[in-house]
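We call the chains A, B, C and D, going by the order they appear; numbering starts again at 1 in every chain.
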Amino acid sequence: MPTALYRFIFACLLLLPPGAYADDAGDFAAADNSRQAQLLESWAAQPTAERAALINDLQQGQISVDGQSKTLRLNNRLRGLIETAQASQQLLAPDPKLRLAAALQLQKSAKPAQLAFLGRQLAGETDSTAHSALSLALANLQLVDPDPAVRLAAVRLLGETGEPLARTRLETLLQDGVETDAKVRIAAETGLAQVKRKLLIGDLLGQAFSGLSLGSILLLAALGLAITFGLLGVINMAHGEMLMLGAYSTYCVQLLFQRFAPGAIEFYPLLALPVAFFVTACVGMLVERTIIRHLYGRPLETLLATWGISLILIQLVRVLFGAQNVEVANPAWLSGGLQVLPNLVLPYNRLVIIVFALAVVFLTWLLLNKTRLGLNVRAVTQNRNMAACCGVPTGRVDMLAFGLGSGIAGLGGVALSQVGNVGPDLGQGYIIDSFLVVVLGGVGQLAGTVYAAFGLGIANKILEPQIGAVLGKILILGLIILFIQKRPQGLFALKGRVID
Amino acid sequence: MKRRSLLKAFTLTASIAAMGMTWTVQAAETIKVGILHSLSGTMAISETSLKDMALMTIDEINAKGGVNGKLLEAVVVDPASNWPLFAEKGRQLLTQDKVAVVFGCWTSVSRKSVLPVFEELNGLLFYPVQYEGEEMSPNVFYTGAAPNQQAIPAVEYLMSEDGGSARRFVLLGTDYVYPRTTNKILRAFLHSKGVADKDIEEVYTPFGHSDYQTIVSNIKKFSAGGKTAVISTVNGDSNVPFYKELANQGLKATDVPVIAFSVGEEELRGIDTKPLVGNLAAWNYFESVHNPVNQKFVADWKAYAKAHNLPGADKAVTNDPMEATYVGIHMWAQAAEQAKSTDVDKVREAMAGQTFAAPSGYTLTMDKTNHHLHKPVMIGEIEDNGQFNVVWQTKEPIRAQPWSPYIPGNDKKPDYAVKSN
Amino acid sequence: MRITATAEFMLEPAFDPNKDAGSSRDAIGLGQAAGTGLNTRHGTILTLEDISVSFDGFKALNNLNLYIGVGELRCIIGPNGAGKTTMMDVITGKTRPSEGQAWFGETLDLQQMSEVQIAQSGIGRKFQKPTVFEALSVFENLELAQKTDKSVWASLRARLTGEQRDRIAEVLETIRLSTSARRPAGLLSHGQKQFLEIGMLLVQDPQLLLLDEPVAGMTDAETEFTAELFKSLAGKHSLMVVEHDMGFVGSIADHVTVLHQGSVLAQGSLAQVQADERVIEVYLGR
Amino acid sequence: MNQPLLLTATQKAGPAVTATVGGLVLLVLLALPLLSLLPADSPFQVSAYTLTLTGKILCYAIVALALDLVWGYAGLLSLGHGLFFALGGYAMGMYLMRQASGDELPAFMTFLSWTELPWYWTGTEHFWWAMCLVVLAPGLLALVFGFFAFRSRIKGVYFSIMTQALTFAGMLLFFRNETGFGGNNGFTNFRSILGFGITEPGTRAALFFATVMLLVASLFLGWRLARSKFGRVLTALRDAENRLMFCGYDPRGFKLFVWVLSAVLCGLAGALYVPQVGIINPGEMSPTNSIEAAVWVALGGRGTLIGPLLGAGVVNGMKSWFTVAFPEYWLFFLGALFIVVTLYLPKGVIGLLKKRGEQ
């Protein structure tokens, strides 16, 4: 295959008069997909400064052929090739950063045809990081070099990296009959071992992170419940819908920004937080005043009533916003991820959510333990009558506490809207998990809730790769049920004299 | 006291049951047609728009003077995403409302739930959604795609040079029958194309799964081993978290293209499409198709949505199941005209070989024997405007193979519809 | 028949082979009216030794030693938080002590038994706050409490025999609730509930009655009557009464134990303990 | 809607009249299957639709009754009764599938690459064994779960949440295709039961009749229990469990007994439900269904035997009517129902009637 390609590309090069934009553009526009692919490959092998403009246009999918601009029908294959061509163009760029980026791109997608070109660039490369990156890109191609010495160097180089690709390349190299030179084989084996070790670390870290991330989401979903259920003893089945409302308020805020402040759209989540909190808190307080107020001390009744509320809220949202999901976009600073290791990317939205979750927990803790309101809440929840006698306005405290719980759920909703979809049934998916988290953590125990959430998240993520998502979830449920049998009071139970 | 109230209870139950009998209201000069789509519950998300589309189509037909000189009268019921309720409502439509035909169902389970009722009462159901096949009832006309009209061409495309000549495949789906069957067929097909089992990874998630971190990172790992494509039969709601995770973990369509069989324009309305650009979907129709029929179709729909101010009307879109509904209802009307009657058996006969110039730009034919439409297959690339750019399509409509040749034992199945009872 | 509660005595281990464990117990012994199926050879019906209970560090009971003789009527007094109720929880198996031993008679190790077993073996308890089955009638309350086979199957087939009815009627007389036998227990007054609960103990016919503040919320007349009732019970049954009302205590108790900070502070007749300046200090504070 | 009239009528009327009315109702219920056998043209013919709808509601009524035994009497609100119902249904479904498929594998297995029946399907072709399963599957599960739950004194809200988690886990498990119960599609397309065609009017009538019998039987059973000392112990248990323990009763046994009994009743109801509605799938296990059942009981009146039946009747009747009349508003109504009942009808409709009766 390579040799044939070489010849072909040479043919192409001969055909090409040194490249005025127009001709290339013309050729490209005229060509069919496979011919376009060949052109791109040839250009990638022979980047010239003149062609930079054209390739940039190609990236946009718009080129101008004799005067008028023409939209191209690209497919993924062509896009890939354009990226490669683009990269090899950038190797010519004066800015070392660009060159580095290009080299990294080429590590993935360099074609054998570019061997010669890359070699030349490497020789001329001054910037050290770019140099090493480029040499690695080159090494990928040199694995098939006729000279064992070159191959050996290449293999050594690959061994240094933690690239998943390097692993497969080395593995293919080690297949029977591929690599004949003994020294290279040995080097490849040692290198492979190194790479595997590096990859393993990445995987483990990745698992841990996803566990934490899932935990933080569970935490945000359950925290509000820890207050309404844990402190007020209300089985708030409408809690999930509070999450949902929070997510929908995020959606509305986003719409408003699109309408009125498209410039600042990046920051709509920041405004969404207070809005969501306010909206859900109000709904919560309304519900508390109108319905739940009459049901304190009858937990099972609150369960039924709040379930009714949740049905109404769901259908209400369906009528208002339609049954379909609505679009909530991640702003730029929440999309993409942080490349920690070659095989470990930490998505920004998840990182932010973890931090956010902890922040919310901290604030809640402050609120409950360091403020008058918190004191009142704890007083009321421990002994309603006594608190009333001490002049604590129990009614208002209940209302505020419930509002607080709902508001926190609203904040959770904002976070959920950044990782999942926003639809009327959003809450239904979280309600059972949230309850399990709270019960597992021990009712009325903020700390317990935190531990339970992260515990569940991590356990889930350890199980999932082993036995699959479905069985994993079932198993977790089973384990929780068993655990509650063992410790009905949850992880953090207050012991005390049994009072009847 | 107890005994007294016991008696009351019975009185009540009976009286409710009695209501069943009192609902047979017969309008004079109209033909009743039933619409059996969930308007509440989990499936409302997909099915409500089909109900509206059906109503629009019926209006359209009535505007042209109805069928056999009679106007069509739609009877809408809500099975509330509750499968037994589908059977109950189906029976009600057929026996109480005496409808001539029913358009409805989305999920396979709902279809399977009503199927015995339609076969027992010899009713007529038009089913507008792509499904796993393995069924061919004389009382159902399937206007959605069978696997060979969607899945297999899609994979062929992925393996082609333009599709990126993928050599490894991740079959990712929600754990229920449609993905399972489709993936089973695909695996067999891939084997026939010389793809080894080690290059195929099958992954399933529970309904409403929302955490795709592990799965996406596994896909990444898997894709390091060679040119990989993901074939997603992930069910509606889970798609958003899946695609978001893909984008955030930096898997670009150019590296690992994802082709989805259940993501259409309607679903994209709920997704921020920027990160998805370049990912694929396989359908038999896309809103972006350029032809006069489709332009009118889309325009009519947008107008209808505005006129009846459906939620989100400003962003109203059409999609494949809607087109299938539209085509189905029109074909039924044509058949009824041709048969000069709405009698099920006569209509069934007339349906065979019925043709209709569909919005997809092709003239679709109802197969003479197997009750499935001949449909074209299109591969669309997601664009940032939530539309699809058709990058590949079949020259001709393809005949459906409801009994997939890739499933052992199907070769013995007859190629014409027979009652399963 | 008085004993002087010296520290050495209280700390004496229960089953020290080197000592004649009998002697000290005989000192407490009030006759040998042993209940059926319960071995009280040495005349002690309840033995608590070195019992300690701690809730998250706080020691509710601290090396508590206590002996109740067969047929004895013992009053437990002590300031709030002295551990009175906790002690009852320990005896009835509601709370498990972190260390120490609790014996019912000579043979039954209360720590090995579940609450239900303890109750069935003959320890009846009346709660601080009167708890009766509010939804059931007074009669039904007594019927449930009555001593009989209390297994599931039995209660499926249960029919009241003549003498069972008579017994219940009799108790209804004693607790003066005959007239309201058919009323739901929920409608009774506080005092009546107290009596009903006592009645439930009576029909249950336990050998040891634990009564937590039985006369709280009773009129003087009722209190007086209760005192009579308890006196009459003593001898047939062993009683352990926790009470704050000194008048009441004085009227019934031949023997009083003062608890303080989870262990026995003083023991003896009411007069003795009231004379004890440690007790005075505890009650009045410095 | 005409129930209110009916109700007021019945409760205003003297016991004698009520008795006759009730007798008539029972007669009607018994007559329905017979009427359904009449030729279609006769004016008295009862449509299969009405029959199956009523049959379905009766099955739900049995579930409500079973739930009331544990909730109304023993004070254990189970949010997982749908699981037992579904298990009974699946047991019956297995038999029906085997009947339909004959000697071959059930259809859903053949195209999901099952080569032979999994072990737990063995014997399901025999009706008697299927019946055993109908009782055993829910019964044993309830026994095991109950044993652990009651041993560690899980009650009140915890119990509710645990049962909910249980049924949720069950649903996920049955959704999987590997589990071997047809996954999301469950079982459909039954043909015959005991050799009789499932769609024949005769079979329908018989099934309906069986349902009425089961309902009456479970009513009688519940009535006997409520009247026995056992019933009183349960009530005591609900109000003051500790007191009961110090009276020497072991609550575990009592709870376990009534819990298992209730589960088995649900199983039986499920078994009769499946052939009448013609499908069983994991959806029946969704927590939502179980919670709805709780509302039937609450609406009718907890701790009364009739209330639940009433509740099941009203809610499902409403559902069948609403989903045709105003599909969009069904959930609003249901939700409002939940709230109103808990706020204003703590004793349910029955309580209301009693009060009115006393005035």
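The rule is short, and it goes like this: a residue touches a chain if its C-beta (ideal position, glycine included) is under 8 Å from a C-beta of that chain, and two chains touch if they have at least 3 such contacts.
Predicted model only: the values in this text are computed from it and were never measured.
Using the average of C-alpha coordinates as each chain's centre, C ends up farthest from subunit B. Of the two chain pairs considered here, C-D and B-D, the higher C-beta contact count falls to B-D. With centres defined as mean CA coordinates, subunit D is found 47 Å away from subunit C. Rounded to whole angstrom units, the spacing between the C-alpha centres of subunit B and subunit D is 33.
Mean C-alpha positions place subunit A and subunit D at a centre distance of 44 Å.
As a whole-number value, the distance joining the C-alpha centres of subunit B and subunit C reads 74 Å.
Shared interface positions of subunit A, defined as residues touching 2 or more other chains, are 315, 319, 470, 473, 500.
Residues of subunit C in contact with two or more other chains: 94, 127, 131. In subunit B, 40, 175, 204, 206 are the positions where the chain touches two or more neighbouring chains simultaneously. Considering their complex, residues 1-21, 23, 39-40, 76-80, 82-85, 87-89, 91-92, 95-96, 107-109, 112-113, 115-117, 120, 134, 175-177, 180-181, 184, 204, 206-207, 407, 409-410, 420-421 of subunit B touch subunit D. Looking at the complex, you find that subunit D touches subunit C at residues 228-230, 232-233, 235-236, 238-240, 242-251, 253-254, 257. By the touch rule above, subunit A contacts subunit D in their complex via residues 235, 237, 291, 294-295, 299-305, 307-312, 314-316, 319, 432, 435-436, 439, 470-471, 473-474, 477-478, 480-482, 484-486, 488, 500. Put simply, subunit C touches subunit D in their complex at residues 92, 94, 114-116, 119-120, 124-125, 127, 131-136, 140, 143-145, 147, 150-152, 155-158, 200, 204.
Of all residues in subunit D, those touching subunit B in their complex are 1-3, 6-7, 10-11, 15, 18-19, 21-26, 28-29, 32, 46-50, 52-54, 56-58, 61, 107-108, 110-113, 172, 175-177, 182-186, 188-191, 199, 219, 223, 277-279, 281, 283, 300, 304-307, 309-310, 313-314, 316-317, 319-321, 323-324, 327-328, 330-331, 350, 353-354, 357.
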